[in-house]
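Two complexes follow with chain A in common, the first pairing it with chain B and the second with chain C.
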Partner chain A sequence: MLGSKHKPMALWLRLYAGAFFGFLYLPIAVLVVLSFNESSVIGFPLRGLTLNWYHEVFNDSKFFIALLKSFGVGLVASLIATALALMTALGLRKRFGGQQWVVPIMLVPIIIPGIVSGALLLVFFGIVGVPYGLWTGALVAHVTWVLPFAFLTLYPRLAAFDQALEEAAMDLGAYPWVVFQRIVFPLIRPAVIATVLFSFTLSFDEFVRTLFVIGAERTTPVYLWVLIVEQTAPFLPAAGVIIMLISVTVAALGFWISAKSSPTSKRST
Partner chain B sequence: MTSTDIKLSSLNHHRRTLLKAGGAATALGAMGWAQAQQGPTLEVLLANALVGGPLKGILENEGKFKINDNPFQSSTDVVARLVAPGGTSRYNLMMSHSIFSRGPVLGAAAGQEKCAPLDLKLIPNFSQVAPTFKEDILQRDGKVYGVPIMWGYDTVIYNTSVVPAAEATTWGLLFDDKYAGRIAWFDTAHQMIMAAGLFLGKTKPETMTTAELNEVAKFLISKKKNVRTFWSSFAQGANLMASGEVAITFGTIPMRTGLTKQGVPVATCWCKEGVLSFVQPAYIPKDSNNQQAAHAMINAMLGQAYSSQLTTVSGYLSASKLAAVSLSAQERATLGYGVLDGSTKNYPLVMPPNLQQWLEVWARVKSA
Partner chain C sequence: MGNTPQAARAGRWLVAPAMVWLALFALAPLVFLVTVSFWTASMFGLSSSFSLQSYAALAGDPIYIRVLGNTLKIAIITTALSLLASYPIALFLASLKGQRKTLFVILLFLPFWTSYVVRTFVWMPILGRSGLINATLMSLGVIDRPIDGLVFNEGAVYVGLVYVYTLYMTLPIYLALDKLDPALIEAASDLGASTWQTFKRIVLPLTLPAVWSGCTMVFLLCCGAFVTPRLLGGPSSQMFGNIISSQFLDAGNWPLGAALSVVLMVVVLLSLYLASRRFGLQRLFMGQH
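So, the complex of A and B:
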């Protein structure tokens, strides 16, 4: 318990924490409030409450096509990135030459600014002749972006994995693939699912790199961006809330599964 | 299960597989046939508003092709994509401001063009291009590489319920102490410094010397106190006007069009120093795989059906003489066609050779 001389400090800390969380979450709250504002102007004052903007979003077929494309590329990119991250994390448990360079190289896409990555992909795809499109340029861009995060999520799980279990299985005659299939994968499955979900969220929200290489197609962020380049679309807050809900739900699911699969969680149960 | 059962099951499986494959092939064939009926697909990179609403359908019907409009960022982005590796084969048709497209698109010398010479026999509407835009045709050695399609202007937009029309005659509205706190500036060096230069009496603002640029900077800094905020996207600027947060702003055509559609009482200021005008030609990248259809699209964009709808839908104006034939004198004046007959003064939005210095000046203004 804090003594009386520490009380002012505690008060300041509470104020600081309050301001901190306010800056983080108030804009989101404002977006939610504005999505119900009857006015066609995005801003205050509120002119009344309405569900019209949600109605407009749900009746916009182009928005739904973009949403489906975001789901599609998000799912495929997250599965590819998770598979690659898993193989890399498994490989890093063995010793080999140049091993120390693998992790730094994996993390490069996080360090490079998005706009630079987009421009680099644009130039590179031009040189090697990769066509623009959702399943060509954009998919590669998404996998490149998501892979380091997938690796960072999976690697600690694999590094903490008790290899004695695998050795015991091999002592009993199991081949490496059988060991992976029957011992390793079932134990890390929650972590793998969580990684897929995190990766999906990142891919779903990706915009800058996508814009450079997607061609004429639209994912949800690209579609919304095209809308606001030239004019105000009053349903934008409603569309933003829907996208946010999808991302938050998937991320929350990922956190929940990840927490359930963490070694500390296992020990406490 | 006997071996006969297994063989029968296997045969059934093969038959189902064959039926599925046949069905898929038929479906794919039907899709291909439908695609062929629709005509070729053109990948275009131009301001998305130019193929928005009914405009895309008008062009597709007239030219018998399908348009895939790629997300547009800016004219500079269009040119950057054209000159990037592989850029001359990515798109079938591109459009960007003529002032800074000419150099990169035509290249330094003959033979270095990034776009294909146009076959004007395939563009009969080329003869409809208004004489005003003769200088904006991209050409070299008698060959035409780009045809002006669309033009527009940047100026001041003001709320008519706040600013009397009699006062709205100059770029000076953007700096007027009387409207302190109700003015918004566009957060961009080029347009803002051009506007300030014109207001300060510079006859060729793009050629301003360092001393003159410093004078403009000093002026802008002195007037910054009147500015409520800077905006960086058209939507942001329009929203500031629509909410009433500001009553005067540097304004573009899409902003005015959007605000008018929303019922916001705004008008365009025909600045006596000249509105900042620009022209966008269309050009076909040299390795485009469907040049005939691209020619058809250029022709359709200059035709009566498209050009007469362009301004109503997007606010931008057509370079075709056919665009304004059905408009009244009042409509022509309101929309900006006065630039063509000389009744509205304009100044081309020319690129300064020392743009880097302009960017530094603007950074100084913003940080002051």
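So, the complex of A and C:
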């Protein structure tokens, strides 16, 4: 959008972009470097190269269990949230009374600050009498948190979807479920898969809400938090790098599927 | 196909599961929270008789007001810093084309798809006593002993908050800039407008809703911040999220914690109301849709 007449500005912008991306990536570079640093103090100066911290992380059974729990709850939460979001997005293409309330209600979990969401569910489960834990409080917290984002990812795709195909099939006498299964779903499948992957990373990294309702169990971010606050684990940078790699891999997969499947634009995320 | 009674029924059934889920796990708990804020806590547990005790405690102790004021100040400054940092980078991204654009957009996104606990923690070995900055300055001979004042203060909280939340500002502005018709800018410059005039008169007004939406998001996220001030802030830079969590997780005083949460929710809803009066709630979150 900036034409050739604006060259001096473009140069200035490029310099600034260098600084900005430096700010984004320097901390990550520091984390990676420190994860190989042969020193039990997390910091500088660098002492020498070691794989010891990765060795320790992989041998830490608590980390492994936390990782399994994060994977489990992430998978279930992202599937539930994507299913709910997909149904909502499909439903919104019909006309019905009270429709205008659906999107605002959908956005409620984004509007409530994370700390309040945690408190809400802590009080709610406490009073209702459901024990805190991974598959109670944490799962509910994760689905509720991820749902609006899954919806915001899917809704534009479905709103832009050409309804003529469906109408043709309906006119030919196909049942709505058959139309969905045979026509709509194959066309939106990549978007749905991308949504599951994005939802998974959101759930995998969720921390504040989980902290309030998970009881004595630990997801990976909660376990890391405990280690950070107690300041006892020199392998923290290595654990951080592993967690970043997992989220980045899943998110990159989501971007890739999403970009490959998007017929209209490259800019959709 | 969208207008028949059958279609209306199908539509209702399709949105019902998500609506029931949110009614059960977002709206009902909100009602519970407000209710509990009028209860009282004692050594013997919760008493559910109506009481204004928690709100009285809140109003009576200046520390809560001070922390609330401080939280709003930090949220506003962080929002302003994010805007300053984000607008030029959005311009930069929008000026790119083809594969380079895709590459830089992905580069912008990737860090934000990773754990914010890790992304906050990482500032400790940068700003801390044996951190990168101290180590660099010492090896350059600028200082001969480490500076302690780089972390555990309000400045570090700003750095951490901008670092974890600035994407929420960059993204809407970039999307708005990317949608601008290049012909508008060409027309302006053909008519003799300077770069600055074009920006001020055309680009900025057209991206203002996106700026507003980004500001609202970052402001709201900062109001609920907990991890960043806890890890990078000092005792005087703790935020409202920290005193809420300590009521629930340390002191076990649910009514006071609930009352504090209600206050935070009121602040959030009030700012949302003010923000949406101008551009509408839906547009605030979903851009042009």
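The rule we apply is simple: the second predicted complex is superposed on the first by the 252 of 269 C-alpha atoms of A that agree within 3 Å, B and C clash if a C-alpha of one lies under 4 Å from a C-alpha of the other, contacts with A are read in each partner's own complex, and residues count from 1 in each chain.
Methods note: contacts are C-beta pairs under 8 Å (C-beta built on N, C-alpha and C of every residue); 3 or more make two chains touch, one makes a residue touch a chain.
Note that the structure is a prediction, hence the values are computed from the model and not measured.
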Superposed partners chain B and chain C on chain A - clash or fit: clash
Touching partner for A:144 - first (chain B), second (chain C), both, neither: second
Which of chain B and chain C A:127 touches, first, second, both or neither: both
First (chain B), second (chain C), both or neither touched by A:13: second
Partner chain in contact with A:156 - chain B first, chain C second, else both or neither: second
Contacts of A:43 with chain B and chain C, given as first, second, both or neither: both
Greater chain A contact set [chain C / chain B]: C
Touching partner for A:172 - first (chain B), second (chain C), both, neither: neither
First, second, both or neither for A:103, with chain B first and chain C second: second
Partner chain in contact with A:31 - chain B first, chain C second, else both or neither: second
Clash with chain B (superposed arrangement) - responsible stretch of chain C out of 40-48, 76-84 or 220-228: 40-48
Doubly contacted chain A residues - partners chain C and chain B: 41-44, 122-123, 126-127, 211, 225, 228-229
Residues on chain A engaged by chain B in the complex (per definition of touch): 40-44, 122-123, 125-127, 129, 132, 211, 214-216, 218, 222, 225-226, 228-233
Residue ranges of chain A touching chain C (in the complex, touch as defined): 1-3, 5-6, 9-10, 13-14, 16-17, 20-21, 23-28, 30-31, 34, 41-45, 83-85, 87-88, 90-97, 99, 102-124, 126-127, 140, 143-144, 147, 151-152, 155-156, 159, 163, 166-167, 170, 176, 201, 204-205, 207-208, 211-212, 220-221, 224-225, 228-229, 236-237, 240, 243-244, 247-248, 251-252, 255, 259, 266-267, 269
Contact footprint of chain A on chain B as seen in their complex: 43, 47-49, 68-73, 81, 84-87, 90, 233-235, 238-239, 242-243, 245, 254-255, 257-258, 262
Chain C residues touching chain A - in the complex, by the definition given at the top: 1-3, 7-19, 21-23, 25-30, 32-33, 36, 85, 88-89, 91-92, 94-95, 101-102, 104-111, 113-119, 121-126, 128-132, 134-135, 139, 163, 175, 177-178, 180, 182, 185-186, 189, 195, 220-221, 223-224, 226-227, 230-231, 240-241, 244-245, 248-249, 254, 257-258, 261, 264-265, 268-269, 272, 281-282, 285-286, 289
